[in-house]
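The structures come next, written out as structure tokens.
Okay, so chain A shows up in both of these, paired with chain B first and chain C after.
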Partner chain A sequence: MRIEVEDLVLRYGDVTALDGITLTLEEGKIYGLLGRNGSGKTSLLSVLAAFRRHTAGRVRVDGRPVFENPQVTSRISLIRDVGETVDIGTGEDVLYFAEELRPNWDGDYARALMDMFQINPKQTVKNMSKGQRSAMGIIVGLASRAPLTMFDESYLGLDAPARQLFYDQLLADYMAHPRTIIMSTHLIEEVSALFEEVVIIHRGRVVAHEERDALLAKGVSVTGPAAQVDSFTAGMRVLGSRSLGPTKSAMVYGELDDAQRRKAADAGLELGPIAMQDLFIHLTAEDGAAV
Partner chain B sequence: MFDDRSPIYRQIAERIKAEVMSGALKGDEQVMSTNQYAAHYRINPATAAKAFQQLVDEGVLYKKRGIGMFVSPDARERLRAKRRESFFADVVDPMVAEAKATGIPLRDIIRRIEELEGT
Partner chain C sequence: MRIPRLLIANGMFALLLWAGFYALVTVLTIGFGLAGRLTHSGWEVAAQLPRWYALFVGVALIREFMPMYIAHGRTRRRFAVDGLITVTLFAPFLAALVTLSYLLESVLYGLAGWPQALTRLHLFTEPTQLPLVFAEYLIEFAAWIPAGALMGAAFYRFRGNGLVVAIPAGALLIITSYAAMGVQPQVPFLFTWLSFDAPGTPLVTVTGGLGVFLAGLLLTWAIIRDIPLRNHVA
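== the complex of A and B ==
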């Protein structure tokens, strides 16, 4: 499903959770939604899933409004950290209800996933561990095959092998049944290769929306003698820097052209990549200005 | 798996090129699909598709519509010619610079090369 959001504002009382978000997400891609705690990730996903009515702005999914529009919301699935499955009964009951609610439900796939995640269908969801409840949410999210599927930190409590299983299943099922997927996560390095595009929000605003590779290409570390680093990076957007004795390393945001790369080499400066997580940390630093 | 120094798609392209150079992938042989690459390396299929597109642009692979990607018949020769072009700049010049910096006389290098040639 295609998502168009324009000047979206969401307030709870006098708290502004979303402060003018404008965003277009195309159909059929996997998006990473990154942001610090309290940045507005969950608020944004909740508005897209029609769990909350927005205060101002425009939200369209496949060209139609989502709030109180069941024709659209039956095709949207938002899986939150513990899942909304807690009070329903046993794992089996959860699958039964999901089948009722979800037009594209694949029961065979859901049962296969229960086996893979080693969830006992007879067990009451309330008595499951945090990781098992997360797995339950993931199973419902994947087997629903909703044209817009959103996972909001759906890995909490899962150990590394279970998270790997989640990512592998997500990728395989997405390739077999392409759909729009949005994943919010704090485990950036672990999943970023799955994303086609990355959206970073901070204090209720979008600070970056790029193809994953393009975003990575924008971050460059410049290392060398402090004076040379300073003169090379003058006028560039420097996200942060660290010094060790006479050596300085600065993180620059913005693509360098061939002439700049040659200039750096001639000045004895070393250029290197910045990991997605470091870019994220600097783009969402408290004193960081929006792009 | 990947070192993040260059984009993943470029690393995949390099790996396929290395397989063509070594003869592991032969002319007109079909390569794995974008989805197979994506699942194997745990990456977004659009990223894998970029690697394939780069190789098509360079003439290493060709596309058969609806069937998949194949190695160009002249891919190996094309890659070898390209490597020959840059061999001195990429391999010999840095070696000479390193030898000078370390204090190894160039005639020692020449002697070594002649020894290797004889084996």
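== the complex of A and C ==
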């Protein structure tokens, strides 16, 4: 589903959570939504899923307004840590209601996922561990096969093997049933390989919206003898550096042109990609920066 | 007509609860009877609990089921329709269970020779007047469930401030339903100062009961029609 957001504002009383967001997300991709705590990620996803009405601006999904529009909302799934879709009775009860309420529900897949995540369907969800409750949300999110599926930090409770299982299932099911997926996360390095595009928001505004590779190309790591690295990076925007003996690695923000790359090679410096997390930290630094 | 799973699930759960509660009340009744201390209908006393259960169902409809419906892509309007169907059919279902309990009790009391007397004013004068027993409890549950939904909606949306208004409003709905029936409320610690000793006319009873039912649901709808889902667990 195609998402168009224009000058979107959301206020909670005196607090402005979304401050004029404009964004277009094409259908059939996996998007990463990154932002610091309180940046507005959950608010944005909540508006997209019609969990709440926006204060001002325009939100369209497949060209139609979202709030209280059953033709649109029935095709959207937002799974949050709050657990709205799973805090009803036992695991079986969760599937019972999802089957009625979700038009594309795949019950067989849901039961297979329960086996994979080792969920006892007879157990009351509120009595499950944090990880099991997270897994229940993921099961509902994946088996709903909603054309717009969003996960808002809903897998933080999972341990590392369970998270890997989630990523594998997400990719496999996305390949089999292409749809638009948005994942909000703080586990940037762990999940970023899944993203085709990345949206970074900060203080209720979009500070970056790029294809993943294009975003990563905005930063370069420069590694080599410390003196040469310092000389090369003088005047550049250095995000951070690490030293090991005489060797230093500096992370530089900004694309290098051919002349700079030749100069680096001549100086015996090695250029490499920067970690997305480092870029994220830079873009959401409190002194403010925008792409 | 499509039967919402909301109704089926609540109905099945209520049936299980009733079976257990009926067994408990029967055991206690037999115990009091054998001890020679049984002077009136046990279900007249026991029926206090189902009305609190009805209130709980109303609260749970909003607190538990509404967020699930919206999170599954249903609109608030569609949830309201499913909720209306559920409440409209669940109230008579509960009333039927209580009526059945009175009927089974009358059989037990008849066999044992115990007096199935009533201790307060009702729409019925004998527990065997089953249509009137059903009518009284139907009107009662049709007030308690919307009152619970109203309180649940006010608390979900406005938290504690909502309850400050919703509890008196819900209590007013409940009192009005008893007044319409001319029936004395039997709620421990509450409404004990109230007494409606004049039975209402059938017209007052029906219109009053229906009015309370509709008023409760309309007030609830006014709160949930554009209600945002909370971002955090309550």
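Simple rule for what comes next: the second predicted complex is superposed on the first by the 245 of 291 C-alpha atoms of A that agree within 3 Å, B and C clash if a C-alpha of one lies under 4 Å from a C-alpha of the other, contacts with A are read in each partner's own complex, and residues count from 1 in each chain.
The rule is short, and it goes like this: contacts are C-beta pairs under 8 Å (C-beta built on N, C-alpha and C of every residue); 3 or more make two chains touch, one makes a residue touch a chain.
All values derive from a computational prediction rather than experimental measurement.
J.: For the overlay on chain A, clash or fit between chain B and chain C?
T.: Verdict on chain A: chain B and chain C fit.
J.: Which partner does A:I201 reach: the first (chain B), the second (chain C), both, or neither?
T.: Neither partner.
J.: In the overlay, answer first, second, both or neither for which of chain B and chain C A:L165 touches.
T.: neither
J.: Return first, second, both or neither, reflecting whether A:T42 touches chain B, chain C, both chains, or no partner chain.
T.: In the superposition, A:T42 contacts chain C only.
J.: Tell me which partner A:R53 touches in the superposition: chain B (first), chain C (second), both or neither.
T.: second
J.: Between chain B and chain C, which makes contact with more of the residues in chain A?
T.: Partner with more touched residues of chain A: C.
J.: In the overlaid three-chain picture, which partner chain does A:V5 touch, first (chain B) or second (chain C), both, or neither?
T.: neither
J.: Just checking: does A:R102 make contact with chain B only, chain C only, both, or neither of them? Give me first, second, both or neither.
T.: Second partner only.
J.: What is the minimum C-alpha distance, in Å, between chain B and chain C after the two complexes are superposed on chain A?
T.: When the complexes share the chain A frame, the smallest chain B-chain C C-alpha distance is 27 Å.
J.: Output the chain A positions appearing in both contact lists, the one against chain B and the one against chain C.
T.: none
J.: Note which residues of chain C are touching chain A in the complex, please.
T.: 4-5, 9, 64-65, 67-78, 226, 228-233
J.: Within their complex, state which residues of chain B touch chain A.
T.: Result: residues 2, 4-9, 35, 38-39, 41-47, 50 of chain B touch chain A.
J.: Using the touch rule from the top, collect the residues of chain A that touch chain C in their complex.
T.: 42-43, 46, 49-53, 67-70, 73-78, 80, 82-85, 87-89, 93, 96-98, 100-102, 144, 146
J.: Which part of chain A faces chain B closely enough to touch in the complex?
T.: Going through chain A, the ones touching chain B are 29-30, 167-168, 171-172, 175, 193-196, 212-213, 216-217, 272-273, 275.
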